[in-house]
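Structures are listed in the sections that come next.
Next come two complexes built around chain A: one with chain B, the other with chain C.
Presenting the complex of A and B:
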């Protein structure tokens, strides 16, 4: 592990800057930093997760212009290049889950890929998990480094860090910094234990199998009864990625636009015929929960939730995914 | 008050007078009192009530059209029920109104976010909200964190009820000073404020979904044939969406403030909805939701209408 005093962060800032944009944690969103001081963000949970960088709220995919009988098309790819500094393990894990969907096989998405492959994740251990956090439920914790390229921990007034992936190691190799001291590493271990234990872990063992048998359960009525059907939970969720593609038409020109979509919206599965296979909120709720806790594990052997608690916070009526998971767990299954 | 609410709810369910009781329960977030549908006598014990209960429960009524429903209702809730009846969305005799005189609700999300620390406990004492965080105890004035509609509310008491819980309260009244302050600004400044607010919108539609008057099965913003508003975040579209929504609310909005209170981005919406409400009152002496027998504002035609606003 390497070390750099927080008062000398400009030593790594320049190196990060040479890589491209440097995004840092601001209260509402990740924003690009203009000075090394901005690396020292005290925000522990950014309201809009880093997925906004890879999957922006809107993104044009192509533009078209009509000139008389001729129509010309122009592909549009918005690229991104740089380092997200200070991304916590939960968000880094969330991005690894997005990668499963967007970077492999038939689902490979060039728009996502162009940004993802050029952005490094400089993770920082989460020192202040809040009352909504339940990350340890999913087999990792506030000090898990494996989803990042470089991972660091702020111990007192020093940043300790190391390269995790090849790209990360390359960047660290070229920095003019010294090795971490023994007592700092010892302190890190103690912090890791203490802070990880602070997170309230849920016991969701068997939830994937349980859900598979609950398609017809009455629980969906109960769960959805106070839901308003807005898209806040899905928009702020770091792992939700559903999108819609529509053409925006202006006189003689236009563009094909990808925007977020939400499985909680009526329109989400409304078919051209007028038929909607998920006509009521309860079916939409079932899909959202199934996607995260059954379909994702079936497809990728990973839950589609990282336990960050954003949905709990932004929900206008405080629907709490933790309570729902416990309800599902405790619901008797009809024979 | 909570004891009385539970007593009434229990009796209604026990005697089979209603199928469900629409109320509130304590949430898992600090300062949260969330909507709760009690269906059994056991669930009645979860019912509570406080000024943190921001959601107007009338929003849920149309989905319970096949049930007999008891609903906890403040002044604005009963006004919303009136509009829904006048527009043929619900039937009065299927609804049992548990009336609650209201002292106003708190801007819970804004207050919670302003604290910036973990909140461990919250209570209301002598006109103050006492917030215990991990490091200190903070006291803020109840009045300072009141929803703006509540601050100038003329109808805090339920307009009708089957049973009333507690004593009626004195209306605060006071008109629309917030709207007047906004109108005093010059055009550029007003536009600047409007644009700044609208630009925060993420189009999650929490405002629409929480609104008791937004019950359309097919919202104009979702329509693709014809397309009224384009998808995406072009400011023309964002601003059009909010302006058209507000105009659809004219004569229907009951000024409960739920849309603004639930917005995850804290977009200010009431300066628009309240301006429309103020204009209707000033120019047409019309207040929405006072009489379920009267046709909706835009559903009424009068021969003696001078129409002088057009000329």
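Presenting the complex of A and C:
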């Protein structure tokens, strides 16, 4: 591990800057830093997750020009290059889950890929998990480095860090920094244990199999009864990615736009005939929970939730996904 | 490769298929001359630039090299704009998408094709494919119905098939019409009357939900096993490649893992279609 005192962060800032944009944590969103001091942000959970950088709320996919019966078009690919500094393990893991959808199999999403492959994740251990965090439920925790390119921990007034991936190691190699001191590493271990234990872990063992048998359960009525269908939970969720594609038309030209969408909306599945395969909120809630706790595991052997607690925080009617998971777990199965 | 970038196709020919002008067919040719290869039952996303994209089953057969055929029911934004288009207009095509009918699994078997209304599109493709590769397949039976004679698609093809000795065609309309000398009644009733044998056979069913609902019990009664009955599902779609999340039924995406499923497969999935 390497070390750099927080008072000398400009020593790594320039190197990060030479890689591209440097995004740092602000209260509401990740924003590009103008000064090395901004790396010092202590925001522990940014409201809008970093997925916005890879999957913007809206982006043009192509632009076209019409001339009588003729049309020509051009692909429009918005690239991004840089480092997200301070991304916590939960969000880094969430990005690894988005990769499963956007980068696996045939038909790689090149819009996502062009940004993903040129943006490094400089993760920082999460030192202040809050009352809504339940990351340890999913087999990782506030000090897990595996989903990042470079991972660091702030110990007192020093940043300790190391390269995790090849790209991360390359960047660290060229930095003018010293090796971490023995007592700092010792302190790090103690912090890791203490802070990780602070997170309240849920016991969701067997939830995937249980859900598979609960398609027709009455629990969905109960869960969805107070839900407004506003979709806030899905917009702020770092693992949700549903999108819509629509054309914007101007006289003789236009563009095709990808925008976020939400499985909590009626229009999401409404068909041309008026038929809707998920006509009521309870079916949409069922789909949301199933997608994260049954379908994702079936497809990728990974849960589609990282336990960040954002959906709990933003829900206007205080629906708590942890309580729902416990209800599912405790619900008797009718024969 | 950008999976969202369409290929440009030019409309070569259009024809109204139904006497009420709600169903219009489009023959499309690639402007770069490269006709795509596909399997009957696959579909494409057609772009009307400025209006958007919508999915349509391919109605032509892979060996029909003069162009891709689509038949479009006018219901909304994209389909409405398509209906306004004529020969020479350019549209975008992404595809072929989806799995298609299991034509290899059908080899050596009898195939019963059951269609209702304008859902006959990909069944036209399938029927022509089976006829083109006639020696690979057993008996071919087609049962196809519409509310009235004027709503039956592809009349030229139907007339050709009637003349051939190697395909059994049963056409039906809901009620009696002057000069209509074929079956009268709903598709499930005609299926019951024709009573194709389930022996060494597969059935493919496409049509409006009510038709499917009443056809499946008849097939079961005739003895068709659930893994020998295939249908093609429709869901609202956007990306067509399993990314946007919209068309899932359980862990499967209709656009990527479907649209063709066997009843045995569907039985294990939530009834979200």
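Keep this in mind: the second predicted complex is superposed on the first by the 330 of 335 C-alpha atoms of A that agree within 3 Å, B and C clash if a C-alpha of one lies under 4 Å from a C-alpha of the other, contacts with A are read in each partner's own complex, and residues count from 1 in each chain.
Keep this in mind: a residue touches a chain if its C-beta (ideal position, glycine included) is under 8 Å from a C-beta of that chain, and two chains touch if they have at least 3 such contacts.
Just so you know, these numbers come straight off a predicted model, no measurement behind them.
Enquirer: Looking at the overlay, does A:259 come into contact with chain B only (first), chain C only (second), both, or neither?
Expert: first
Enquirer: After lining up the shared chain so the two structures overlap, which partner does A:235 touch, if you call chain B first and chain C second: first, second, both or neither?
Expert: Only chain B is touched by A:235; chain C is not.
Enquirer: Contacts for A:184 in the overlay, against chain B (first) and chain C (second): which applies, first, second, both or neither?
Expert: neither
Enquirer: What is the contact status of A:10 with respect to chain B (first) and chain C (second): first, second, both, or neither?
Expert: After superposition on chain A, A:10 lies in contact with neither partner.
Enquirer: Looking at the overlay, does A:162 come into contact with chain B only (first), chain C only (second), both, or neither?
Expert: A:162 contacts neither chain B nor chain C.
Enquirer: Who does A:320 touch here: chain B (first), chain C (second), both, or neither?
Expert: A:320: touches chain B, not chain C.
Enquirer: Considering only touches as defined above, state whether A:246 meets chain B (first), chain C (second), both or neither.
Expert: A:246 sits against chain B and chain C alike.
Enquirer: Comparing chain B against chain C, which has contacts with more of the residues in chain A?
Expert: On the superposition, C touches more of the residues of chain A.
Enquirer: Following superposition on chain A, which residues of chain A contact chain B and also contact chain C?
Expert: Residues common to the chain A contacts of chain C and of chain B are 244, 246, 249, listed in rising order.
Enquirer: What part of chain C is in contact with chain A in the complex they form?
Expert: Residue list for chain C touching chain A: 1-6, 8, 47, 49-53, 75-76, 79, 88-92, 209, 234-236, 238-239, 241-246, 248-251, 270, 272-273.
Enquirer: If you look only at chain B, which of its residues touch chain A in the complex?
Expert: Contacts found on chain B: 27-29, 32, 34-37, 55, 59-60, 118, 202-206, 208-210, 217, 222, 224, 227, 230-234, 262, 264.
Enquirer: Spell out the part of chain A that touches chain B in their complex, as residue ranges.
Expert: Per the touch definition, chain A meets chain B at residues 57-58, 130-132, 225-226, 228-232, 235-236, 244, 246, 248-249, 257, 259-260, 262, 265-267, 312-314, 316-320, 322-323.
Enquirer: Can you check the complex and tell me which residues of chain A touch chain C?
Expert: Touching chain C from chain A are residues 61-62, 64, 66, 69-73, 75, 77, 101-102, 105-111, 215, 241-247, 249, 254, 256, 258, 261, 263, 268-273, 275, 277-278, 283, 286-287, 290-291, 294-295, 298-299.
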